[in-house]
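Presented sequentially are two complexes of chain A, the first with chain B as partner and the second with chain C.
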Partner chain A sequence: MLFLQLLANGLQVGAIYALTAAGFSLIFGSTKIFHFAHGATFAIAAYLFHFALTGLGFHWTFAVAVAAISAVVFGVVLDRFMYAPIQRHEGSFFTVFVASFGVGIVVQNLLGSVFGRGFMSVPTPLSNSVEVMPGLYLSPLNGLAIGCAVICFVALHYFLTHTFVGKGLRALSENPELVRMFGLSPRRLSTYAFALGSLLVVPGAIFTAAGTGINPAVGHHVMLISLAATIVGGIGSLRGAACAGLLIGVAENLAMWKLGTQWSEAITFAILFFFIIFKPSGFFGRATVS
Partner chain B sequence: MTAYILNLLVLISVYAILSTTLNFIIGYAGIFSLAHAVFFGIGGYTAALVAMNVTPEFFVAIPVAMAAAAVTSLLLALPALRVRGEYFVAASLGLQVLAVTLFSEWKSFTGGIGGVIGIPAVEMLGYPIYKPWQFLLMSLICLVIIIGIIRILVHTSFGRSLKAIRDSESAALASGKNVTVIKTLSVVLSSALAAVAGALYAFYMSFINVQSFMLDTSVLVMAMVIIGGTATILGPLLGAALLMLMPSVLTYLSFLPQTEIGSIQQIVYGMAMVLLMIFRPGGIVSSHPGGGK
Partner chain C sequence: MLRKTLSSIAFAIGLASAVSVQAEDIEIGAVFPLSGPNATYGDIFMSGADLAAKHINEDGMLSGNLNILYEDSQALPQQGVVAMNKLVNVEGVPFVLSAFTGVSKALSTLAQRSQTVAVNGGGVGPDLAELGEYFWNVIPLANNEVGALARYAVEDLGHKRFTLVYVDDPLGESILNELEKTLPTLGAELVESHSIAASAQQFSGVAARVRSDNPDVVYVASYGSQQLQIVKQLRDNGVKAQIASYSAFSVPELQSQAEAQGALFTTQSIEWGSDDPVTKRFVDDYKAEHNKNPTSYIANYYNAVRVFGLLAQALEAQNKEITGANLLAQRKATETFELVGGEVSFQDNGTLLAPIQVLEVDGSGSGKVVSVKTAE
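The block that comes next holds the complex of A and B.
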């Protein structure tokens, strides 16, 4: 029974990782910007959702809107005012990564100073667990998180294959020069990529805030896992990010079953380490590792 | 007051060793490692183990610590040979997280979360070194020797090959450089020298635990290198001094809330990283003013 319980938890956590990883993968795949501050977006969305709901007493729909708007604005502002100037004169991977990491540090500490460093969680009746089978406790949140992830992935797939902007984003990941020649602006597409990628963290942020709870380091943690998922799945592949996110969520929880909680992060990174050494292109990635 | 300043200077020189050795692989070899604290830790734990069970002799503990770090650094060299850029960063992150788990779980070697307590004072050829100023002298000498080694290496053909690999691996390969050996050697050397810092730290504090060797330390050292300036000798030293002095300077600014000093320090260096990357990607002491590498 413990196995099923951990599997259920793993799927929920995995769904959250998959969405965050998909956002990171979308941004990285199309713009080639290593957006480490993606975790900061996650933390901001989660904290503002919490604040809007419990601090300001908003209805939950407004709180979700606040989280979504703040995530998108944060992502786009970073793209416009940090990544664009860096890329204008240099744009090596190294510079982008350092700046992005810096943003992550600033956001984590600002959130800690403003909202406190302890764990916070949003009280909601949805997180009350019910014993469905002897020893197996499920809450409506489990199902909601997984359902929401499925809907997001279907919508994202539709967007990328059926809309003009979506096709533009895929084209950008293939060949930015050709996109420019075609009369589209890579800069504008990059803004769309950031808006969309940042939006994808919102469900994960909300479910984390309502479920296991959040602390200022949550963004950092989620980012590390999403990075692992993106690489294990293959950079630029949404399908890969989704599968790897689920895989890591489940592996992390099953690791608790055999080894104990303290090993869960180590398991994730052991998986990552072996993938990088033996199959750096990941599950579905194109073999373009230089 | 003197004790306070001596303490600060010892810590600055320990961190300066770390930032100088990390700069060697970031700045000259283009290997962007986020796992430097691992070798700092291995150096510390090994030196502590040797000092407590065999002898607190400097010339025994330090070489053993260096050897331990050199052997384990092959784990970092492996991905460095296979992948570059973001993939390598991810691999080094993975190694760092794995190492932290091992440090806190492998109780016979590291004492678990509680750490190693009561490391004896270091001896140099039988002469015990326990006064702060003696210790400062010893760590400064180590720092100078390490800077010397790196300076010499950078100016030999080895250093030129490294820079060639950093700028274009295929071009270096095409001109007959043995990329595998050169890259592996640079990682091994940098990690072994970082272990010196670990050993000094363990002897100085006489107590170490996993808290000192986490990802935060790796990031702090990386920030020192980047804020100071990569691929320069002076940059990492300046970075180490600035970032180590910042908390004490902030404590003197009485208008700041004292409980938030840690956060403010982190925010300042996070901001510094962002602004420097936008306006001066080469760091404060930039080897190519106005542009990065």
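The block that comes next holds the complex of A and C.
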């Protein structure tokens, strides 16, 4: 029964990881911008959801809207007013990374200053587990997180394969020059990528605020997982990042079935090293020759 | 014109000499977590230290104004050493407040080498008592806290099976060692211990393991945001056993956390309603300033700064320089100190010995005392 319990926990955690990793992978795959502040987007969405719900007393649907709008605005503003100028001045990959890293630190400290540096969580009965069978406890959040992730991925898949902007985003990740030749603006597509990628962290941020709780440094862990999942899934592969996120979440939990609990976090890096050594192209990435 | 110039010069000289006859400020340092997930502790520690400095300055205990220079450790040993280096080698302070077991152990070597007194009021690892004569503790250490809680849980509540969830650092290791040593002597057992990384935030799996251990008591040895996440996730995931911990549970966020209600924790025993003038002034002024009751951490850092004030005052009375070596010599020469909580004395190893109280989280903000145990 412990195995089943850990598997159920792993699926919930994996669903959240998959969504955040897919957001990062979408941005990185399309724009080649190492958006380290993706973790900051997660933290902003989580804090504003918490604030709108418990501080302002909004209905949860409005609180979700506040979180979604804030995440999208933050991502787009960064793209327009930080990454675009750096790219215009032909800033290197490293310059972009440092700038993004700096924003992550600033956001963490701003959140700490505004909302306090302690732990916060959304009080909700949805996080309370009930014993569905002897030894197996599930909370409504388990099912909601998994269901929400499935819906988001189906919608994302439809968007990328059936809409003009979606096809443009896929094309951008393949060949930006060709996109330009077809009269599309890579800059505008980049903004769409940031908007969509930032929107994908919102469900994870909300479920984290309700389930495990948040602190201003919560974005670091998210970023770490997103990065690992992007590499394991294959750089540029959205499907790969999602599967890798799920794999990491499940593996983190199942590791505790036979190994000590301290191995839970290490398993992420074990998986990462395994892929770097034995399958550097990741789950669905293509092998490249440089 | 000449007269005007001369009078200006005379005024400037007069002003300069007036400044020079004023006593210099006296500075001490503090290495606290001011950012990161444990920054909440920094705010708490500072409130106690600042209040003590304010009282010392109001009373004119020293020849100059006492200032505290704060440096950020982020509760990380490496950052703590960098901060300590700056305080000792750049600022030249003779006395530094320290916090967190890992940070305190890391900076103790520099304290010993530079003959700078380092005083811990937050870390509780038992080996903090063995870090040299320049490292002092104004807080009872984990061996006292764990022992008191174990005795209460076993002897008063009849619990026998303990599970430990502990952060993988010197503090967690020391609590593991204490429980392994103490429980068998009481006829209880440590059924299982679960180590977690300091950065871990997901504990639903740990909760599943804890549930399968079927313990009477889950002892949580963590701190900062992480301990709140552990408690929430243990309860959310169906763990119904008695939750217990050490003084890290005295932070306001945990005291008001719904899932933590009923949890047991330990701190040094302080009678907040005491008529003792030092305690009364501390409690009254803290309440007036912050509109809430103080906790033992706040008292510890108030006491740490007050110890400095008392020692420096004695040194100045003897026309001695305020250095680490002189502060140490003066502490050894001083039998007792009037601190918050009453008259106390240091043991030879530089650690205060105080009775321990077991409290229950009851939503009042400071916990309800359920038992007081003498330190062993």
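Quick note on the criterion: the second predicted complex is superposed on the first by the 285 of 290 C-alpha atoms of A that agree within 3 Å, B and C clash if a C-alpha of one lies under 4 Å from a C-alpha of the other, contacts with A are read in each partner's own complex, and residues count from 1 in each chain.
The criterion applied here is as follows: a contact is a pair of C-beta atoms (placed from the backbone, for glycine too) under 8 Å apart; a residue touches a chain by one contact, two chains touch by 3 or more.
Predicted model, so just to flag it, every value in this text is computed and none were measured.
If you put the two complexes together on chain A, you find that chain B and chain C bump into each other. When the shared chain is aligned, chain B comes close enough to touch A:Ala99, but chain C does not. Of the two partner chains, chain B is the only one that A:Leu227 touches; chain C does not reach it. Of the two partner chains placed by the overlay, neither chain B nor chain C lies in contact with A:Thr54. Of the two partner chains, chain B is the only one touched by A:Phe34; chain C is not. When the two complexes are overlaid on their common chain A, residue A:Asn109 makes contact with chain B and with chain C alike.
Touch criterion met: A:Ile276 reaches chain B, while chain C stays clear of it.
By the touch criterion stated above, A:Met82 is placed in contact with chain B alone, chain C being left untouched. Once the two complexes are laid over each other on the shared chain, residue contacts for A:Met256 go to chain C alone; chain B is not touched. Of the two partner chains placed by the overlay, only chain C lies in contact with A:Gln5; chain B stays clear of it.
After superposition on chain A, the chain B segment that clashes with chain C is 205-213; the remaining candidates among 151-159, 205-213 or 223-231 show no clashing C-alpha atoms.
Common to the chain B and chain C interfaces on chain A are residues 109, 112, 262, 265-266. Across the interface of their complex, chain B is touched by residues 28, 34, 82, 85-86, 89-90, 92-99, 101-106, 108-110, 112-113, 224, 227-228, 231, 235, 262-263, 265-266, 268-270, 272-273, 276-277, 280, 289-290 of chain A. Interface residues of chain C facing chain A in the complex, by the touch rule stated above, are 35-37, 39-40, 43, 165, 168, 194-197, 199-206, 208-209, 211-212, 224-225, 228-229, 232-233, 236-238, 251, 253, 258.
By the touch criterion given at the top, residues 2, 5-6, 9-10, 12-13, 109, 112, 116-119, 121, 123, 127-131, 135, 137, 139, 211-213, 215-218, 220-221, 252-253, 256, 260-262, 264-266 of chain A touch chain C in their complex. The part of chain B that touches chain A in the complex is made up of residues 32, 78-79, 82-91, 93-95, 97-98, 101-102, 104-105, 219, 222, 226, 260, 263-264, 266-267, 269-274, 277-278, 281, 291-293.
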